[in-house]
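Input: structures, listed below.
Two complexes come next, and they have one chain in common, chain A, joined by chain B in the first and chain C in the second.
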Partner chain A sequence: MAGGLVVSDLAVHFPTERGVVRAVDGISFDVERGTRLGFVGESGSGKTTTALAIMRMIKAPGRIVAGSIRLDDADLVQMSDAEVRAIRLRRIAYIPQGAMNSLNPVLPIGRQIADGVIDHLGPQRDADLKALVAESLDRVGLAPTVAAMFPHELSGGMKQRVCIAIGIVLKPDVIVADEPTSALDVITQRRVMDTLGRVQEAIGASLILIGHDMGLMAQFVDELVVMKDGRIVERGAIRGVFQAPEHAYTKMLISSVPDITEGRSFLGTIPTPAEPKPATGAAPSPLVAFRNVSKVYGRDFFGRGGVHALRPLSFELDAGRSAIVSVVGQSGSGKTTLANILLGITRPTTGDVRFEGKSVAGLRGTAALAFRRGVQAIFQDPYGAFNPFYKVDHTLALPLRRFGIATSRRDIYVCMEHACDAVGLDPHLILGRYTHELSGGQRQRLQVARALMLNPKLIVADEPVSMVDASLRATILKSLYDLKARHGISIAYITHDLATAYHVSDYVIVLHHGHVAEAGTPRDVIGNPQHPYTQLLIDSIPWPDPDRHWGSRQSVEDDQRRLEEIAASHQTIVRSRIPGFDLDTAA
Partner chain B sequence: MSTATDDRREVTSFDADDHQRPSEPEWGTLRSRWRATLRYMRRNPSLPVGLALLSALILFSVIGGLLVDIGDTRVMSAPHSRAPADNLWFGSDRQGRDLFAVMVHGTWLTVRVGLIAGAVGIVFGASLGFIAGYFGGWIDNIVNWTVDVLLTVPAMLFLVVIATNVSTPTEPLSSTTMAIIIAALAWRRPTRQIRAQVLVMRTAGYVQTARISGASNLEIIFLEMIPNLLPYLVASFVTAVSAAVLASVGLEAMGLGPQNEPTLGQTIYWMIQSSAFMMGLWWWILPPIIALVILFVSLYLINVGIDELSNPRLRRKA
Partner chain C sequence: MALSDLLRRLVLLAAVIWTAMTLNFILPRITGRNPIIEKLMDSADSGGANEYDFDQFVAAMNARFGFDRPILHQYLDYLGDLVTFDLGYSIANFPTRVGDLIASALPWTIGLMLTSTLIAFVLGSILGALTVWFRSSRLLGFFVPVIMVLAAMPFYLVGLVLIYVFSSLLGWFPASGGFVETRTVTSGWDFYLDVAYHAVLPGLSIVLASTGVWALSMRGMMVTVQGEDYMTFADAKGLNLRRVFLAYGVRNAILPQVTMLALFMGQVVTGAVLVEVVFAYPGIGFLLLRSIQINDFTTIYGVVFILILTIGFSMLIMDLIYPLLDPRTRKSRA
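Coming up: the complex of A and B.
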């Protein structure tokens, strides 16, 4: 089996202060030429370490302590550094995770592709190099003119495809791709994966795809390896693994991917929503109202030009009923701008945001404090949300003191304990510790606890699950759902993930280039999309089902063209309305 | 409720990132705390070595100051050009200053100039950096523009012009005045460095969290941002001190320093003036140079040590 890779009993250890971490603990597998092997597992499972070991790029003090990595008859583990250098790129290529940071910002793309060629084949004639670069770019679907461009002139998806072009220029036998699309949205992801698959077939290389997305694996690889704590827990043909997963961990990974089908909720049993609180008092003003709110960045002194992050938007969210409103869209669709305007962190360029009938821009003193308390947030990065200098208590106690909820040390502590209990955390294990001592899931639930403690009226959750492992996603979304169902808090759920939006929300707004493309109940908008943009988004989701097709080659090409047409059309389709949330499309 | 809680616990047990992150040794009892500190110091020797050198230098000056009369640093307090002897430990210079007394008082005077100029520079610079970086807008533009322009002008040129104008024959410069002159330019680099740090930190999650927790701008700056910048501020301060010492020695060696005070730089000036090299008066030449080398090396080591302490990426793993 020429060009095949055989790994046997590979072990990689990292000595630390606390003892040896067995990042990879005796794993064996092989990839035949021309096939695709997927590695899944959560952060810390050893999948990236395995990829780096194949490239012989383990950083000291970590090292390969046992096993062999055989490419044909040569053992990569036994090779000298110089020998490995000759193998890299030429026979084994690596496609890195963050294409944004992997390209040299001061060199044109062509130079960066040619670099490796010259390194391995020696000096080349200019014409030959140019032809090679053009061929490589052509394989990944980029025009030859890209060779003269610099990284900042390219979009994220194009940069990732350039990284693929660099990797395949010497037609390697093995391509190792480490989460090549983790920073991209679904539409771009489908394009990049399509490109990668096509190139791999064209040059006949074998491919190792590292990832955590079971859906992507189902759509892309032939064989799947599931890793946990440095070991392989399950291995098999992709169809078999999905139809009859053997290991409990594999089952959990598969079931943690939300599916858009009626009846089965990946949140498990969810409590029935509490009856809407009867409206007290005479006709209360809406909790939050947007009137023609828009945001333009980078305008010049006279208010000309600039980028429209958010086109004029008007809506009213009632105070009496609680609802989860999801705002979905690709990166750059304006959803985070919308979140920051809601939180009062960003000031809108035009229009007026009203909180309980009063304009937010004019709030002072106690009214401003009431707004701060009433609109809380759960941020994307649970690690960054806690000040590393203090114990987590500081972050929890600060708002209690500022909003005058509790003043004495004892009261504050009681409040914090209740908050931890409410999200299923043991206060004795959490309070008095530093952020880095908590796991990602604990941190994210602590953010929920912090918001809940203040008894807010609206919580803005900006991608609350995009940085946590799949197994935790359901748990955190369930705590979000609890906020609405049990505590009657409305939630603005900002996400790029339509599947989770389908399960948790009462209303969905699809944003595209700052413009509302489609809005309505999740069953209408996501279950049966009418707007071409929403359809495209949903078609691009990789389903965790090998039999459900991800779309043909041709459609991927067409989609790009369609996307440009959609951006120009500014069409809004409102599918349905729900009581409590009123989107005004007249403006 | 209980079933919901149970499956949450179960899911949490899948967290694999807990034991992956190498962390500092356990901090429990006082004894293990000591041992952990010692272990850390063995791994990162620059900080303790730098601090030891600096304290040795300052102790020499402070304890010596109790024993040696400042009057002995004056001209004609001892016989001139004498080599070190029992009653004249470091010898004397051509004008008859007791060089041991000069070293004792001069070292402290020089360190003091550095501390004053460094402190003024860092306080002024950090304040400007915070105002510019945190509030942004036109204030930021003005501060940034001013710093950019001032950074292009050689500091020595400024200092020479100011020093020559401030000192008059009847009222020569004092070392404190000189420290303040140096401080007038010492804020430029801290301003710019701290502004850059604040710009990054301003969008950090915990700053946003504090903001929606109702914290005021001052609270965010003093309670959320400054504690995290502390190692950085200390490192900037150490850099500013060594830059100030360098500037003061430069001014003094040119003869623009405090003529009536026996600072290290001033001693170098006298030694150049009196052709100590040609006369072979090695006991006059070596001590101030050694003191300055120790001072700069210790400040450098402290800086490297703080950097290692506060920057986990540089932290060597044993």
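Coming up: the complex of A and C.
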């Protein structure tokens, strides 16, 4: 079995103050040449540690304590550091997770492909190197001119393909890809995975794909390994695992992927929405009103040129009714710009944002304070959203004091405990701890609690679940949904995940290049898309069903051409309207 | 586009220089001290002039330097003079021109300070990077606390210690001056050797005190860079360790150091005042100190003007070469 990888009884331990963490606890598997093996599991399951162990890149104090990793007849575990270095890239290539930052920002792409060749094969003639670099770029569908470019000049998808080009330049026997597309939107993801699959077949390597997305696995790998707590709980051919999952954990992973079908709600039992509180007093002005709001970045001194992050957009969100409005689109579609304008962080280039009838741009003093309190944010990265120097109680007490909601120590604690209870966190366990002691899911719920505590009118949630495990996604989305149903808070849900948008939202806006492509109720827009862009987005979702074809019959190149046509057309399709939210497409 | 960019930078530079010059004009004046009177009082103490002569002389000197004219006129004259590099006469050393004072002091400062700063920069950056790279090395581990102590010590303190040890105790090096004062010939190998000999202790004190600062900041950057994804990927590519260290680690960690170096250029002159004082070194810092002591504003204006130009232009040069170091700051060619 030349070029195959056989791992037996591999164990990786990390000594910590609280005892030894058995990150990988005696696992065995093998990959045959030319096949694709998938590793799934949630964070902490040991799948990434397994990948790093194969690369012999476990960082001290962690170490491989037992087992063997055999490539042909050589055991990687027994090799010296120098021997392992010689194996890397030449025989086992690694495609990293964070393609955004995995390339050296100061070296041109060509150099970063060539340096690996030089270090493994010795000095080469310039012409040979150039040809090799061009060939490698060509394999991943990039033009030879990319060699002269720097990482910051490339899009996320291109960077990921460059990482693949680097990995395959020496035609390795094994490719280890660690969540290569977790930061990409579905269209780009399909393109990158298509590239990876084709290259792998062309050079005849075996591929180990690490991931957490059951859908992606179903569409891509031949064989699947499910990991939990450092052990393999299930293993088998992909069809078998999906048709008849044996382990409860596997079943849970499969069922936690939201589907777009009527009837089965992925949020579980949803409380019947409380009757919207009738608006008190005279006819109120809308909670939020956008009037021809647009944002252009990088304009020159005379207001020329620039990139349109958001094309003129007008809508009104009523104060009386609460609604969840989802804004979906690829990265670069302008959805985060829209969120930041809503939060008052970004100033629109044109147009006027009004909050309860007052222009946000001119708010000062108490009016500004009321706006800040009324519009709260939940951010994508639960790790970066809290100041690591403060314990949870300090973090939560600060806004309470700042807005004068509670002043006495007693009142502050009552408020905090209420908020924690509301999102399902135990205040006694949470309040006295530092945020880094909490799990990603707990932190994300803490963000919800922090927003809820201030009794806001609108919450802007920017990708609140894209960095948490699938099993937690439902819990967090449910607590968001509760905010609307129980507390009457409107939510702007910004996401690239159409499936979750389908389940939580009352209204969906699909953005493409800053332009509204399609808008309407989720049942219309996502359940039965009419705009070619929405169709393409939904088409590109990898479904957790090996028999369901991923993407349309067209090739990814066709998709790319379609995207360009769509961008040029500037077509807006409004499918339906709901009371309380009024999108104005006259402009 | 590159031209309009350069033009914009130059306009900005002019604005910065003008602002600094204006502040420089105002500050010595709000002290309310008149250097002419102070200078005369000095000579008066040593006997000579009578009351009548005194007032007349002050008036004459005030007229000579234009201090009797409206402040706005003085300001405009000041700007005009400096822009044409006419630095005028020193008040304290009246017949001597400020330009000559600076011209005789500047080479000393540049020679000593610039050289030792650059040595410290290179040495510190290398040392800082190495302490991170060879974290387990005993030898380098020993350096870290030493670096920290040195970084915390001011120049002049190191200077005093050096004078005590190498000059007073051991007598290896001279304690002060730029060269042997009795020397008549001021050129030729013999002279330069003498200058270098005198520069050892002041130079060493700067190198010792600032190497630590550079090393610490480089160390901090290196630690940050080591955590970057591209370092992990470089490792996964099985690259030569030397390449990973230089082309991936140091190459990225050095970027903020270079910015700091540009900012440091101003300190090359001002921060060295104390070193020059401790070693009685005939440099520009020493000149500035003396001028401030007697509020000799024509000289202060001249010296500070040169400082402003140095900082302004070193920032400009840094702005221009930085895109070569960091492609991210280049304008996209799209």
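What we mean here is this: the second predicted complex is superposed on the first by the 584 of 587 C-alpha atoms of A that agree within 3 Å, B and C clash if a C-alpha of one lies under 4 Å from a C-alpha of the other, contacts with A are read in each partner's own complex, and residues count from 1 in each chain.
One rule holds for everything that comes next: a contact is a pair of C-beta atoms (placed from the backbone, for glycine too) under 8 Å apart; a residue touches a chain by one contact, two chains touch by 3 or more.
What you see is a predicted model; the values in this text were computed from it and never measured.
Annotation: superposed three-chain arrangement on chain A; chain B versus chain C shows a clash. Contact with chain B, but none with chain C, is seen for A:D469 once the two complexes are overlaid on the shared chain.
In the superposed model, more residues of chain A are touched by B than by the other of chain B and chain C.
Of the two partner chains placed by the overlay, neither chain B nor chain C lies in contact with A:R239.
Contact with chain C, but none with chain B, is seen for A:L103 once the two complexes are overlaid on the shared chain. When the shared chain is aligned, chain C comes close enough to touch A:F150, but chain B does not.
Of the two partner chains placed by superposition, only chain B is touched by A:G384; chain C is not.
By the touch criterion stated above, A:H247 is placed in contact with neither chain B nor chain C. Contacts of A:R22 after superposition on the shared chain: neither chain B nor chain C is touched. Taking chain A as the common frame, chain C overlaps chain B at a single listed stretch, which among 81-89, 153-161, 189-197 or 243-251 is 153-161. Those residues of chain A lying in contact with chain B across their complex are 14-18, 21, 23, 42-45, 61, 228-229, 249, 252, 268, 343, 345, 369, 372-373, 375-377, 379-381, 383-390, 395, 398-399, 402-403, 424, 436-437, 439-442, 450, 469, 471-472, 474-475, 478. Here chain B touches chain A in the complex through residues 4-5, 7-9, 11-12, 14-25, 204-206, 208-215, 224, 227-228, 317-318, going by the rule given at the top. Against chain C, the residues of chain A that register as touching in their complex are 55, 57, 84-90, 93-94, 96-98, 100-108, 115-116, 119-120, 150, 152-153, 163, 166. Only residues 228-230, 232-241, 243, 247-248, 251-252, 255, 325-328, 332 of chain C touch chain A when the two sit together in their complex.
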